[in-house]
Every structure is written in structure tokens, then in C-alpha cells.
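There are structures below to look over.
In what follows, subunit A forms one complex with subunit B and a second complex with subunit C.
Coming up: the complex of A and B.
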């Protein structure tokens, strides 16, 4: 299992920021490996359809960008390890990953972490019912597979993903029973206006909204899903307007819900880097300097891992982080570094306007947290309810790790990726604390569940490492 | 500035159990911990209550500890899951068979009710074990605790018994002035105490140094592996002849793989890191013992730091040359016997006739 291949740089994550940073390093002659659990580069935004889906690959604009990535990766002789899931990173740095058949370990001098974000979902009664899926998960189905989860669907949550998913569903012939949005229409108008500075996003936004209006999709603003129950051949959702208090029931087939994205901090937490809480940037994020260096020497953050700023900023963030690396490794001069990064930083400032507008649309209204019922499960891996969390808090659990050990919250296969955000909100609200005072879950390996049969393969008893017997 | 009768430094299973017993006897007790209660070894250990892995000389104490664990509602709280299970210790080779027979015999001499059984009998007790075993050792006195709940249970019990808890208080100095111990914290605050009990686990070497007592305490970083929840795949606590595996399935379906396979770590900055090759070894051994385990996925790996003296035996009792100062720690399978060891030290403290000579710190001085 140990493969002692050594690299100058390992880039984890092959989205736009990972790819741009890998290219930047490879251009300067560094030996680079790029790792991703997907079958190709592109990440979430330029997600490539599987190679066997020949006909749809041609249609998407995203596929073009993806192809460009693939070509550049080849051109600059960047080694790739697609279909590899990283499960452990240790100082020094050793990166462990597994694929369909085995595990592998690489070594590297520097690390660029470009692992992006994951889905943020604020729980509600019935959110673990089969048929309730994440909005981001839904985009994966749409983009990579041109697959709509069901003929009829309710979309809920907030932010631009809501509109993007709606657009694609209509495009692929699905019917949207309702869009349930926590934001108000005024929020949308305000945010859309601030997007004018960014023509590409603005154009996309207008295109989505037109499609949705044209198809007369019912939109419920300042509303959320109060409850979802499985009914015969479908799912009954109760929509509540939290301004008027009015509720309405709808029967549909699937609910796709999401409240924005959470920066992925699994690896930086594992490496014990410093983290800070920044609600606008998505929650807990690795602490970085202007050039995206983390607090651990040799570890850089590209993309959304150190705060969400979106796809267009991603490749520039990759360039910034990799430039810092090249400068730290004395591969480029101070002058070159300054000239280059000066330009990127200016560009990134512009994207920041856009990022702030988006984050406003994705802000979590207080009611959404307050309205979580006591019997609602917050940690779905371990079935821990809000009531159990609050009981532990009442009995004296004071930080998120203590809550974890008393209740098992965050101990399951998702390692708290899904529940930490909402639980912290619930507890902070209850105790009138700030989330930063509750801390964040200690990073634990494996950052993705490791299938034992794959890691171990077939082995003979005699081959198992011998360790000294315990004293009698 | 605050006062207390007894200051216990270190709120793990040892400090916690001693404090609980003293408080029940009417003393004014303050437990100090630089973290929260039971977040050190006592909150992260495997929670196995087995005789098959206990050092022979400690069997009588582990048995008493086991009995206390089986009756937590009487002395601790209902907020902790404890399960009684049968224990099977497996031998896969002829050498292991020899070792198992020899070790079981000695443990039996010290009072553990262990019998050697055939493969067939072992399979009847738990059909899920590997059919290729040579033989097994069987003991009814086995089981486990969900150790992550220790902090919850102890906090509650200590609070109910009016023990004061200073959590997130790191002791940096200890003075002795006018018949009082002056405990000075990193944040500058002080606490005056008539008596002192040191129970800082893996940090004991450092804490004893504050009293100019110099002994070696090794720090053993140990890895634990837990699977995601899965259907029932085993019904016993499984160990192996050389003591390097403990395996059981909790009620919630997760399977915990332990056995003291070393990882990396140090006490200075509390840093721990897994050793992938040892994770693999430990997982292989577990899958060899219970083959169905191979279809599961590992959800989480973590490490704990265990304390060990030069002779791997505990230090429990009075500190020589000091008035009203005691120590407790470095106990092998210390989670199993901790509640009883704490009780014993409390009785000694209260002047009862308790023989702790086996654990006297003087042997290192």
C-alpha cells in the first residue's frame, strides 16, 4: 500500500482553483500531482459527465472548460490521480488515498488544498425522509448525468443554486411544484443589482430567472419547509411563510433543499491549522494570510476552502496560492511575486463584491434556526435530536467537542460535515453565545469513510505486522 | 482566592472516582482540570472491561472495578451505557495457543474465572468468529462502557455530590505555605487546599515535578478505529492471545477496533497523529478475528495517550515527605479498575486500613 512517490506539490481537488494552481506550479518546473475523487478535472462547477455519456458531453458549455483543463494538465505534464479519495493527510506531508481497489500513500513538500465546499442544510422535521436531497447534490445529478431526480420536485432553501437548479430542471423537462426561498423578492433585486459589475454572472442570473417566470413556477418567498412526510408515491411538504405565519401543503415527489455552501476544512483541521469563524465566508474557515498561506508552513488554500467567493474567483485564488508557494520555495523572485500577485489581488477584490451579494442571499434567517422542532434530528449519522443536544448543554456541555462526546453528534461517517453548522447555530442561539466560542470539531481521520475490504485487500494472517505483546 | 479541603488535579476516571467517594464522605472537594472533565484518556479510551487484557497482578482490582461498572446507577449515574458480554480471547497459531494457555493460567491464579475452550465451543458462544482458531479462552466477566459518555456521567454525579469543578484550569505551580497547598494556575488565579491529590494521567511526570518528585512516566499514544453503524456482526468482546486486539460492537451498531496499536503523539502540545501502517495492521487483525467486519467502512480514527511507569504498574498512595498529598494513576486497563482504585485511595485518605503497598511510588524514588 505504501507508494513512496515524492512530489514537490500535491494539489488536492481538481476544480478550477486546483487546476490553475497545479498549472502555475508545473510551468515553473515543479513536480506536481493533482488528486480528485472524481473521474476527471472540473470540480463541482465544470463537472464532467462520465466518459461513457458521449452525447451529452458535447452539449454543455461547461464541458469545453473541462476539456481545456484536461489538455493543460497533459501539456504541463502534471501527474493525476483521479478516482482517488484522500482519507488522511499527515504532517511532513503524507497523503493517503484509496481508489476502487486499493490504498496508496504519496509524499510531498507542499500541499495546495483546493477541496472546495459542501452542502449546507438547515434541518427541519422530516429532512431525513427518503426523497429529500441536497440542492448541490441535485446539481451534480443535473450537470454530470443530465438526470432529474423525479418528474415533479420542490426546490427549497436559498441562494443562486435554487435558480440554477430550477433552470436545469425545466430545461430537462421536469416540473417544479414550488420554489421555497427564505429570502424575500427585495433581497433578490438588491443582490441582482450588485451583480451587474459581473456581466457573466449577471447574464446567467437573468437567464435563469426568465426561464422560471416564463414557466410560472410558484415561488414562496420568506418561506421555509416546516415539515416533510412520506405519503403514497410521494412526499408531502408543509411550507410556512415566516412573515405571515401562513402554511400550505403540497404533494410532490422529491424535495431538493440547500442553504448555501460550507467551506471544506477537513484537511486543515486534520493538520491542526488555525481556523476562524466567518459567517459571511461560509462558517469555519482555515485562517490564511492575503496570499492564502495557512498557519501550517507549506500548506496553501486555493478556491473556496478559506472562504466562499465563487467559481469565477476560484482560478485566481489558485494562482495566488501557488504564487505564494513558488515564492516561499524561492522559485520566483520577490519582484515577480509582487508584480504578479498585485494584479490578481485587484481582480479578486472585484469578485468580492459578488461574493458578498451571494452570501447575503444565502444568509440564514434566525427563524429558520428557532423553528427547528425539538424532536428533529440534527445529526443524521447518529440520530441525535435537538432535544438531546440541548439536554447535554443544560447538563453542562460547553463546547462542540464536548457536545460530540456526550451525544455522539458528528461521530458518524460524515464527521460532522452536515450537522456542525446547524448545531452550532442552535446551541449559540440557546446559550446566547457566539459560534466562535463553541469551537469546531477536532479533525479526525479518515476524512471520508474507508471501505475495509479496499484498504486491506486479501491478506494472509502471517503477513499482519507483528507488534510486541502487551505485558502480562 | 478560594479555599477547599481537598484539591484533586486531573478530572479523569481516577481523579473523578476519588473525588466522588470523598465528597460522599462529606469532604469539600475541588476537581481541577486543564480541559473539561474526562476528556483525556478517560473519555477517549476503548471502554473494554475485560480480564483477558488485564495485567495478572491487577486482576483482583479489575474484578472489583467491573462490578462497579455493572452497577453504575448505584454510585454514578444512569447516563452511561454499560453492557455485560461474554469475553473470548482467540489463538490463531500454535504459538499463540501456548501463550494463551500460559497467560490464562496465570490470570486464573490471580482470580480471573477464565477457561480454555475448543474451537467448537467458542463458535457456539459467538458464531461470527473466524473458524480457523486453534482454541479460545472464555470469561463471563467481560463487557464494555461507551467511554465517550464518561464526562457526561461524572460531571453530573460530581455536581450532585457538590464537588466543585474548575474546568479549563491549567495548574502551573504548586507551593506549600502555612500548612496549605497553594495551587497556582496559568491564568494567575490561586486555590488554597489542605490536601492534594494528583491524578493528571499522562501528565503525572510533569505534575509530580512541581513537587520536586522526579519519576519517569512514559506516554503511549494509542489508536482506536470505529466503523460506521452496521447490522449485528458479533456478540462478544473479542481479544487475542498477545493482547493486541480488543473488538466489540456497540448497541448502536458501530464496531470499535482497539488493542493498543501505537500512533504518534506527545504531551507537550497534545498533538497526536495516526500511523497508517499500524491502522492497517490493527484492522487486518480485527477482520481476521471477525471476517464479517471486512464489509464495513471505517468512520473515524482517533488517538488517546496512556501513561505507563517503568514497571508498568500503577502508582497509588501517599506521596512520601509531603503532608496530605497523594497520587493516583498509570494503571493498566485503568478504565476498568479506575472506579475501584479511586474508591480505595479515598478510603486510604479517610484513614481506613487499605493496603496499597503494591503501588507505592517509593519504588521509583
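Coming up: the complex of A and C.
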């Protein structure tokens, strides 16, 4: 179905930055549509529980923030398209999406991309075993769906998400068999001076660590999961300390793993915006100016999509991007723009210190890449192994798009979201290249698989205009 | 052990769903991918070349690993919410 409704601004993503930018535009009288795959605002960080859940006495801070988002969206008469998956955005701008029953197209003068991030996971032997899930998946399960994944769990990877997930699992009555962290305890201690610049998050962190400490959860530092295999009672994981080389086997029910976040560049790549590589900001990101304008006129980046700086900074980044839009559209004066953005930029500089410290805790040690076994699948969608990738590289594929053509890596349903980062690391290491020399996957639509029945819609066979067959 | 956390929210009505002709109890509106996972139905589909079992992975609509078949249609189960009587096929459904 082509609906062709026209908007001044379409905001893609209803997390904290999407909501704050939509409100900022709507306050100035612009016609705004906010689109999200989920059934409510909040994004992943403040993700709302399913609609059928009824809240009882105890309040979660996240739910309160989410409720505030919903109220403000209503108050400022922002049109919403929840449960809509965006699968194409073309210049002009036309935004194509589908929901449970049909497809739809909207038009807009300006675009605010607030699609956030997805999880960075470095492969290991057996990471495709069912029961091995992302740490972020674990967070969604705990905080939005209100389930613990299993009675027992191993948490692995690095960064603050390890501690957050551990905290909630203990809080909700689960047992943690091990926390496997690539960072050392010294790395954590070193980071405290920078982390303290964000007292709110720092306090949360201390709360998580105390809980883990008092529950005597075994922590394996400077270690990673070398291997996971399915066994009778669950999953057997081999933990390896890469300083001492010592290994240990543990049988658990679920393994949750994550190494930080990757900014989502699906849409900016489709629009052929310029991108740059910045390891500290999460990998490939759309190139933006100080006010979060992309290289494509009329396209603005809010939130973590143009570099990771965290949930607390996200709403300010939304205000910044939308202010740039309002100024470019001559809705606010230069004076108003400068005054307003000056304050936000100062605030954001403070969050940056915190973001850098977090990114250090989430850094990917070289051995994590080197230790990937040759038979390990790097591209889950198309079953492409490290060996097959390196063979293509030996035969002359020296760019990520050539590797894609050679091996089908990144051609599957996830369009490279899961494999691009780790594969680039593996190949760069092998060739002794910089990741930026390998380039990034050219954006191709559909960025999410589009079910054919949604394209066809509902129709009666009799009502189709039949065309006579051409004469032979 | 029920893996549901009920400190903050009450669930809706208890309903039955059907997974590969096996009855599973769940609550209306719960996320299908999560319900399957906690019921130890972790092998949702086979990978295209190696035919390895795969299951729920990212739980946010990015990885597309949690595909199952509902009413003869392939859908990602992390974005499906439980309805009474839902019929779900998992495993080797491409045969």
C-alpha cells in the first residue's frame, strides 16, 4: 500500500534520542512522524513490557521514563507508527516500512535517524549453538519481558553490560555460574576516575558490583570463551585466560555474550552518506558535523547512531540534531540556535569522558580475534567460515564488498549487521591492514527481510484486472 | 522453576500454544521467542548450508536468527506476541 502521507520530519527510532528530537520539532509546529519496530516508545534501553502486562505496586525506573515518553508524544500530537519495520529509505525522502499486515510509504522533507545500536559480538567456536545469546538479548529478556533466561547462566564479553545483566539475574533469583571478562580488574579500577564524571551511572555501577561481590559470583578476568558445545544438561563452555593460558570447563544452561555496541548505519549507508571508521565510537559511523548533520542534506543523526555516548547523552543528542534541523529550515534564528546548542554541547562534552572510559572497557583485545578457530562461522546467515573468508582474501578479495561477492558474507537476512565488524577485524589482522582500508558494506535494500504477503496485501482473485495473453 | 519475574507486572490470561504439535502454556501477549527459550525450545531452525540448529540470538529484530513458521509464514519470533491457540513450527521446516 502506498499511503504517500507527507511529513516535515520523519524520525526513525523511538528511543530517548528519537523521542527528544521529535518533541523538539513538534513544539515548533512541524508535522512529525516517529516510526519504530517495537510496539511502544523507549528504544531498547527503556523498552516497554508487552502491552498485556499490567504494572503492580513496585516501580522500575525504566518504566517511569518510558511512560513519560508516551505522555509527551501524545501531548505534542506527534504521529506514531509503532510495530513498523523500515526496510528502505530513498532520496527525496521516501520511507518504506511494513507492519503485521501491509507495507506503507511515507514522504518527508527531513529525516532524523535515531536507530541506535546493535550488539557487537566476537565469534568463537560454537557461538551459533542455540542457547548462546547476546548480553543485550539478556537485558531485553530481563528488563522488558521480565523473564530470567534459565536457572543457571554464564555471562561473557566485556564492559558495563556484563555487570548490569549479572545484577538483574541475581536480583530476579537466577544463578550465575561465571562472569568471563576480557578486561582485567586493573582496567576497571583505572576507569573509575573517568566513570565518576557521570554520577548517576557510576552509582548504578557500584550497586551492580556490590551485588555480584556479595553473591560470590566467580569472575574470570582477562579471559574469554574459547569454545561452547551442546551437552546433555545444557552447554559446556571452555574458558581460557589469555594471560596464563589456563583453561576451565563449566556446564551451564545459557551463555550470554557481548563486547559492546555497534552504531546502526543501515539507513545512512542506503542514502550514500559519508562514513568514517572510529573504533572508540563503535566502528563505522556516519560522518557528522558538530550539530549532527550528516553529509546528505536534510539527514540528521540523533543518539548513538553517529557514535556511542550512552543513554543519558542520547536525549541531548536528539535535541542537538533537531535544533540543527530547525535552524536549517529557518524555523529558529541563528541567535536562538547558538544559545540553545551551546548549552547542550557543554553537557555532551562531559558525557564524552564517560563514553571514552566505557569504550576502553569494551575494547577488543587482539588475542580475541587471533583465537577465532578457522572452522568458526563468521557469517551466521550464510554459514561462511573464517577459513572460507581467508581463502577469498588469499585469492585477491581485499575489500569487504569483494569478500561479500566472493563468499556471500553479509548477503543474508541480517545484511551484515552481525558479521561485518568481526570479519573486518579478522581480515585486517590477517592482512595487517587498517579496518578503514577494507571499507564498509554498501547499503542495499531491503535492510530487513520483507514478507511477500505484506507487499501483496489482501485481495480477491476475481477483482484482479486480468490482462489478455499476448498473441503468439 | 518458573523463570517468569512477577515483581513488577502481572501477566494477562493463561493460554495454550502449539509448538510442533506439543502443547505449551504461556500468557497472552508474552514474547514468543522468549517463551520458546524458557521452555527449552531453543533449536528454532536450521542454517542454510551446514544445516546446524540455530536459535534466538539478539532479541531485537537485527540478527533474524529466531525465524519460526506460524500459519505457513516465516516470521522472526522476537517480534511475535502470544495469542491463544497459536500454531508454531520449529526445526527443519524448509523440507
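Criterion: the second predicted complex is superposed on the first by the 453 of 472 C-alpha atoms of A that agree within 3 Å, B and C clash if a C-alpha of one lies under 4 Å from a C-alpha of the other, contacts with A are read in each partner's own complex, and residues count from 1 in each chain.
Quick note on the criterion: a contact is a pair of C-beta atoms (placed from the backbone, for glycine too) under 8 Å apart; a residue touches a chain by one contact, two chains touch by 3 or more.
Only a predicted model underlies this, so the values are computations on that prediction, with no experimental measurement involved.
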Determine, under the contact definition given at the top, whether A:449 touches first (subunit B), second (subunit C), both, or neither. both
Using the superposition on chain A described above, determine whether A:390 touches subunit B (first), subunit C (second), both, or neither. neither
Applying the touch criterion given at the start, work out whether A:459 contacts subunit B, subunit C, both or neither, answering first, second, both or neither. first
Would you sort A:104 into first (subunit B), second (subunit C), both or neither based on which partner it touches? neither
Contact-wise, after the overlay, does A:37 reach subunit B, subunit C, both or neither (first, second, both, neither)? second
What is the contact status of A:431 with respect to subunit B (first) and subunit C (second): first, second, both, or neither? neither
Please indicate which partner A:128 is in contact with in the superposed arrangement: first for subunit B, second for subunit C, both, or neither. second
With the two complexes superposed on chain A, say which partner A:406 touches: subunit B (first), subunit C (second), both, or neither. first
Applying the document's definition of touch, where does A:382 land relative to subunit B and subunit C: first, second, both, or neither? both
Which residues would you name on subunit A as touching subunit B in one complex and subunit C in the other? 381-382, 412-413, 449, 451, 453
In their complex, what parts of subunit A are in touch with subunit C? 37, 44, 49-56, 58-60, 63, 85, 118-119, 128-134, 136-137, 140-142, 145-151, 172-174, 377, 380-383, 412-414, 417-418, 448-449, 451, 453
Over in the complex, which subunit A residues touch subunit B? Could you list them? 1-2, 88, 90-91, 94, 96, 105, 272, 381-382, 392, 395-399, 401-402, 405-406, 408, 411-413, 415, 444-446, 449-453, 455-456, 459, 461, 463-465, 467, 469-472
Which residues of subunit C touch subunit A in the complex? 1, 3-12, 27-31, 34, 37-38, 42-44, 47-50, 52-65, 67, 73-75, 79, 81
For the complex, give me every residue of subunit B touching subunit A. 36, 39, 43-44, 53, 55-56, 92-93, 99, 103, 106-107, 132, 148-149, 151-152, 155-156, 159, 167, 226-229, 242-244, 252, 260-262, 271, 273-274, 276-278, 280-281, 283-285, 287-288, 293-302, 312, 332
